[in-house]
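There are two complexes below, and they share chain A, which is joined by chain B in the first and by chain C in the second.
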Partner chain A sequence: MERASRVAGVLVRGSVYLMLALPALIVIASSVSRTRFLTFPPQGFTLDWYGRAFRSQAFMGSLALSTELAVAATLLALAIGTPAAYAIDRHRFRGRDLFHAFVMSPMIVPLVVLAIGLLQLMTWLGFGQAFLRLLVGHVVITLPYVVRTMTASLALFDRALEEAAMNLRATPWQVVRRVTLPILLPGLLSAAVFCFVTSFGNITVSVFLARGNQVTLPVQIFTYVEHSYDPILAAVSTLVIVVTLIVIFLVERTVGLERMV
Partner chain B sequence: MSGKPVLSLVGLRKEYGAVVAVDDLSFEVDRGEVVCLLGPSGCGKTTTLRMVAGFVTPTAGDVHIEGIPVAHLPPYRRDTGMVFQHYALFPHLSVAENVGFGLRNLGVARAERDGRVRDVLGMVELADLAHRLPRELSGGQQQRVALARALALRPAVLLLDEPLSNLDAQLRIRMREEVRVLVKRLEMTTVFVTHDQEEALVLADRIVVMNRGRVEQIGGPQEIYERPATRFVAEFIGLCNLLDGTVREVRSGELTVETGRGLRLRVRASGPGPAAGQRVVVAIRPERVVAAPNGEAPNRFRARVVAGTYLGSVSRHRVVVEGEELLVEGHTASSTPLTPGTETEIAVDPAHVRLLP
Partner chain C sequence: MVAASSTGGAAGSRARRAWRLQVAPSAALLLAFLVIPVLILGRISFYPADRSFGATGWSLRHYAKFFGDIFYVGVLGETILYGLVVAVATLVVGFPVGYSLARMPARGRRWRIALVILPLTLSLVVNVFGWLVILGGEGMVNRLLVALGLVDAPLRLLFNRGAVLLVLAHTFLPFQILSIMSVVAHIDPALEEAAANLRAGRWTTLRRVILPLAWPGIVAGSTLVFILTISAFVTPRLVGGARVPMLGSLIFEQIIVVQNWPFGGAMSFVLLAIVLALLVLANRSLGPRSSVSRT
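Let's look at the complex of A and B:
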C-alpha cells in the first residue's frame, strides 16, 4: 500500500515535471535537426542553425534589444516599485487602497487593452523613440510584480529589527544599508527575476510599441514564423531559454532559490 | 559614585488620541540600580520604556540620561542598550556580528571591536557560538545574544522589555538569576519591564508599580509586598485578602476596624492613620493568617475550613470567619494541617493588617 502510493507519487511528480519541461526540451531538440523545417523528433544532427542564428542581424539585434530592455525595465520597476511598496506597507495615507489597486492593475487589465492605451498615449505625447516607448510599456507591466513581491516581503519584515539597529546607534541610512536592504534582498531578487522574465518574454505590449526595425526578440520570432518555419526559430528560442536560465542561475548563486519566496 | 541619578523621567506623558497611555510619570534611577516597571498589559510600562529608548515621542515631559535631556534626540543619539521582547536579533548576521553591530556603527576599529565582542560573549558564556546564525540557537541562547548585544556598547542605561517572557518556566527562573548577577557585577543601571510580579520581586532593587498609565507605588520589593499603598498593588502582587470595613475605634497605637459582615479586627496603627468612622480596605496576606495558634492572640477567631489546595511546599485554604471569607496559607512542613469541613482557630497579628484607602 505504502509502496503503491510512493510509486504513484513519483509518477505524478514525474509527469508534472515532464509537462513543464517538455516544450523547452522539444524546442532544444528541434534546433539541431538537419531538416529545412521545424520537426520533432529531429532528424540528424547539426549546429548549423545556431551559426545562422548568430549571423542573423535581425535576431541578434532583437536579442540585444530584448536583453537591454529587460534589464532596464527591471531596474526601473525595482526603483519605482520598492518605494511604492514601502509606502503602502508603512504609511496609512488617504487613497492608499486606491493607489495599491492602481499599481497592481496592469496585472488585471488585458495586455492588449493596456498596449493599445499605451500606444495611443505615446502617439499623443509624441514619444517617438522606440526604446523609450518599449521601456515605459515594460515598466508598467513589470511594476505589479515588484509591488506584490515587496509588499509581501515587507509584511513579513520585523520592524523591531530596525528599532534594534537604531538602538545600536545606526543612523537611518545605516539602518537601511545594514539591516533593511540585506533582509529584503531575497525579495528584491525574486522581484527582479519576475520582472526580467516578464519583460523578456512579452509580445503583446512590444508588438504595439515597437517601431521600424527596433523589435524585441519574441516579436521577431513571431513575425518570422509568418513566412518561414525553419529550425533557426528553435535555435533562437533555445538562446532565450539559455538567457533565462543564466538569470535564474545568477540569482540562485546569490541567495538561493528556496529563500526567494 | 552615585549622587546624581543616571536616568530621570520628568512628568512624562503620552497620549494616543483620546487615550492617555502614560500619565505624568516621574521617577529616577540611580547608578547601578535595577528598577522594574511592573503592571498588567496596557498599563503603559512598555510605552514608558520606548519613550526612554526614543521609539515613542512623549506628548509632554522629558527624559534625562546622565543629566542630559534627550526627549528631542533620535534613538541612535541616546546612550541606551535595549533587549527586545522577541530579541530582534539580525537574522542575516552571525552572533559575533550581531554583538559587534553597534560598535561598527560607531566606527570602532576592527581589532578593538573583535576584542570587545569576545569579552561580552564570554560574559554571557557564548564564546563558542560566535559564528552561528541566530536561527541556529535555542531561545535561551538567543536571549543571551540579545543581552550581550545591548551590553557591548556599555550603555548608560540598559533597557529590558519583558525579555524572559518567551522562555519556558525553568529557563526563565535560571535566566532571571543570571541577568541579575550580570547587571549587578557590571553595575549596570537597568530598567526592566515585566508583568510577572515574581520576576520583579527577584530582579529589582526598586519596583515601579503602574496601572492605567499612572504610578501606583514605588518601593523596594519587600516594601511593595508587605506595605502595599493601594488596593491595586495589594491585589496585583501576590495574593491578598481584601475586606471592606469601617474604622470603629482609634486608640493610641491601635485601631479597631469592623468589616461589612461584622468581623472586628484590631490593627496596629503606624503614623497618622484614618479617623473613626472612615471607610477603609483591610488587607491581610494569606501567610499572615495563622491557623490554630498557640496561646492568647489579639485577633483570634473561630473559623470554618471551606476548601483547601495543596501546592507542594505550601497549602492554601479558604476559611469563613463571621461570614467573611479569608485565604490562609501555611508551609506544609511547619503549619497545622487543615481539613475542609472542620473548624479551627485562626489568628492575625495586628501588625500585619494593612489599611488601604
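Let's look at the complex of A and C:
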C-alpha cells in the first residue's frame, strides 16, 4: 500500500516534469522536419527552415528589437527597483507596507488592462515611437521582479559587514561600492535575468504597444500564428527557446536557479 | 510625517531623506504609467459614444450593454469558471511536485527547478505554439492515435474548451509549484515526524499539519493562477479560436479589431473589479500580516 502510493507519486511527478518541458521539446524537434506543415515526430531532417528564418527581415528585425528592448528594460528596472527594495528593507517609513504592495502590483493587475490604458495614455501624449512605448510598459512589468528578488537578498544581508566597514572609516559611498554591492551581486544578477526573460518573451503588453515595423519577436510570432503556421515558425521559436535556455544555464552556473524563484 | 529610521543622529537625518529618494523613482513610474493609465481607461469606459477620441459626457451605457446581454454575461461566467478550474487543477497537480521539491536534497532539485522555470521564462507565444504542434491535425497526439490504430482519421483536438484549459493549466502550473515549494520549505519536517510518532497516518498528517501550515502558499498561488487565467487572451485566441471566448479575448477584440474603446474599457474594468474583489478576499483569509501581492 505504502509502496504503491510511492510509485504513483513518482509517476505523477515524472509526468508533470515531462509535460512542463513538452511544448519546448516538440517545437525544437518539429523545426527540422522536411514537410511544409508542422508535424511531430519530424519527417526527414533539414536546416532549411533556419536558413529562411535568418534571411527573413521581419523575424530578424524583431529579434534585434526584442533583445535591445529587454536589455534596456532590465537596466532601467534594476536602476529603479533596487533603491525601492533598499528603502523597503532598511527604512521604517510610514506607508512602507503600502509602498511595497504598490511596487508589486504590476504582477497582479491584469496586463491586458495595463496595456490598453498605457496605449490610450501614449496616444493622447503623442508618444508615437514604438520602442519608447514598449520600454515604458516593460519597465513597469519587470519592476516587481527586481523588488521581490532584491528584498529577499537584502533580508539575508549581514549588516555587521557594513558597520565593520564604517568603523574602519570607509565613506558611505565606499561602503556601498566595496561591501554592499558585491554582496548583493548574485541577487542583482538573478533579478536581471528574470527581467530579461520576462521582457524578451512578453506578448500581453507588447501586442498592444508595438506598431508598424517596430514589432517584438513574440508579437511577430503571434501575428504569424494567427494566419498560418509552418516550420519556419518552429525555427524562430527554437531561437527564442535557445536564448531562454542559455540565460537559465548561465544563472544555474553562476548563482544557482534557486535564487531566481 | 517623518517616521523613525534605522540609524540615529546626523546620519539619521540623511537616512530620513534617503528613503524618499529611493522610493521616488518607482513610485513616480507606477503613478504615471500604471495608476494614470488605469484611471484613463476607467474614464473612457463611461463615455456614451462608441469612440473615445473627442468624446465627452458620462454614461453607464457600456456597462448596461455588457450586463444586459446574455452572451457577455455567459462569457464572464465561463471565464470565472475557467479560472476556478485551472486554479484547482494546478493546485492538485502542483502540490505533490512543490512538496517533493521542498523536501528534496539540493542536488536533485537543480534540474527539476530548471524544468519548472522553463515554461515560466519561455515566451507564452512559444509555449502555446508548442501545444498547437502537439494537438494539431498532424501533431504528436493525432499521429500517435492513428499509428496505434485507435482512430482512423486525425481528431480535432484544438479549438475546444479542454484544449484551452489544458494549455492554461500548463502555462500557470509553475506559479503554483513554486508558491507551494517556498511555503513547504519553511515547515519544519520535525512537525511531520512528531505527527507520525503520534500515530497520525500520512493523510491525517497532510490534512492536520501540512495543509494548515502551507495555507498561505496555497492561497497565494491559487489566487495568482486564477487572476492570470481570467486575464488570459493569447491562449484562448490561439488555442480556442472563436469557439472558446474568454473575457480577455473579447477585450482584445474590442480594442484591436472593433476599436470600440469605451466598451473595451468597460469590460477591462469588470475584469479589474473581479481581481480586486478576489485580492481583498484572499488577503482577509490570510490575516493582516501577510498579503498575496507580496509573495
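Here is the rule we go by: the second predicted complex is superposed on the first by the 231 of 261 C-alpha atoms of A that agree within 3 Å, B and C clash if a C-alpha of one lies under 4 Å from a C-alpha of the other, contacts with A are read in each partner's own complex, and residues count from 1 in each chain.
The definition used in the following text is that a residue touches a chain if its C-beta (ideal position, glycine included) is under 8 Å from a C-beta of that chain, and two chains touch if they have at least 3 such contacts.
Computed from a predicted structure; not experimentally measured.
Once chain A is used to superpose the two complexes, chain B occupies space next to chain C without a clash.
In the superposition on chain A, contact of A:Asp158 is made with chain B only, not with chain C.
Residue contacts after overlaying the shared chain place A:Gln129 against neither chain B nor chain C. One of chain B and chain C touches more residues of chain A, and that partner is C.
One geometric descriptor of the composite model is the angle centred on chain A: between the Cα centres of chain B and chain C it reads 90 degrees, in steps of 10. Contacts of A:Ile183 after superposition on the shared chain: chain B is touched, whereas chain C is not. Legend: residue contacts after superposition of the two complexes on their common chain; A:Thr254 is shown touching neither chain B nor chain C. In the superposition on chain A, no contact is made by A:Ser228 with either chain B or chain C. In the overlay built on the shared chain, the residue A:Asn213 is in contact with neither chain B nor chain C. Judged by the touch definition given at the top, the superposed model places A:Gln174 against chain B, while chain C stays out of reach. Across the superposed structures, the minimum distance from chain B to chain C, using CA atoms, reads 5 Å.
Within the complex formed with chain B, the chain A residues making contact are 158, 160-161, 163-171, 174, 178-179, 182-183. By the touch criterion given at the top, residues 1-6, 15-16, 18-19, 21-23, 25-27, 29-30, 33-34, 36-41, 44, 52, 93-94, 96-97, 100, 106, 109-110, 112-119, 121-134, 136, 138-140, 143, 170, 173-174, 178, 181-182, 202, 224, 227, 230-231, 233-234, 237-238, 248, 251-252, 255-256, 261, 264-265, 268-269, 271-272, 275, 279, 291-294 of chain C touch chain A in their complex.
Taken together, the chain A residues at the contact with chain C in this complex read 5, 9, 12-13, 16-17, 19-24, 26-27, 30, 35, 37-41, 79-81, 83-84, 86-87, 90-94, 97, 99-114, 116-121, 124, 136-137, 139-140, 143, 147, 194, 197-198, 200-204, 207-208, 217-218, 221-222, 225-226, 229, 233-234, 237, 240-241, 244-245, 247-248, 252, 256-258, 260-261. The touching residues of chain B, counted against chain A in their complex, run 53-55, 74-76, 80-82, 84-86, 88-92, 101-102, 105-106, 149-150, 153.
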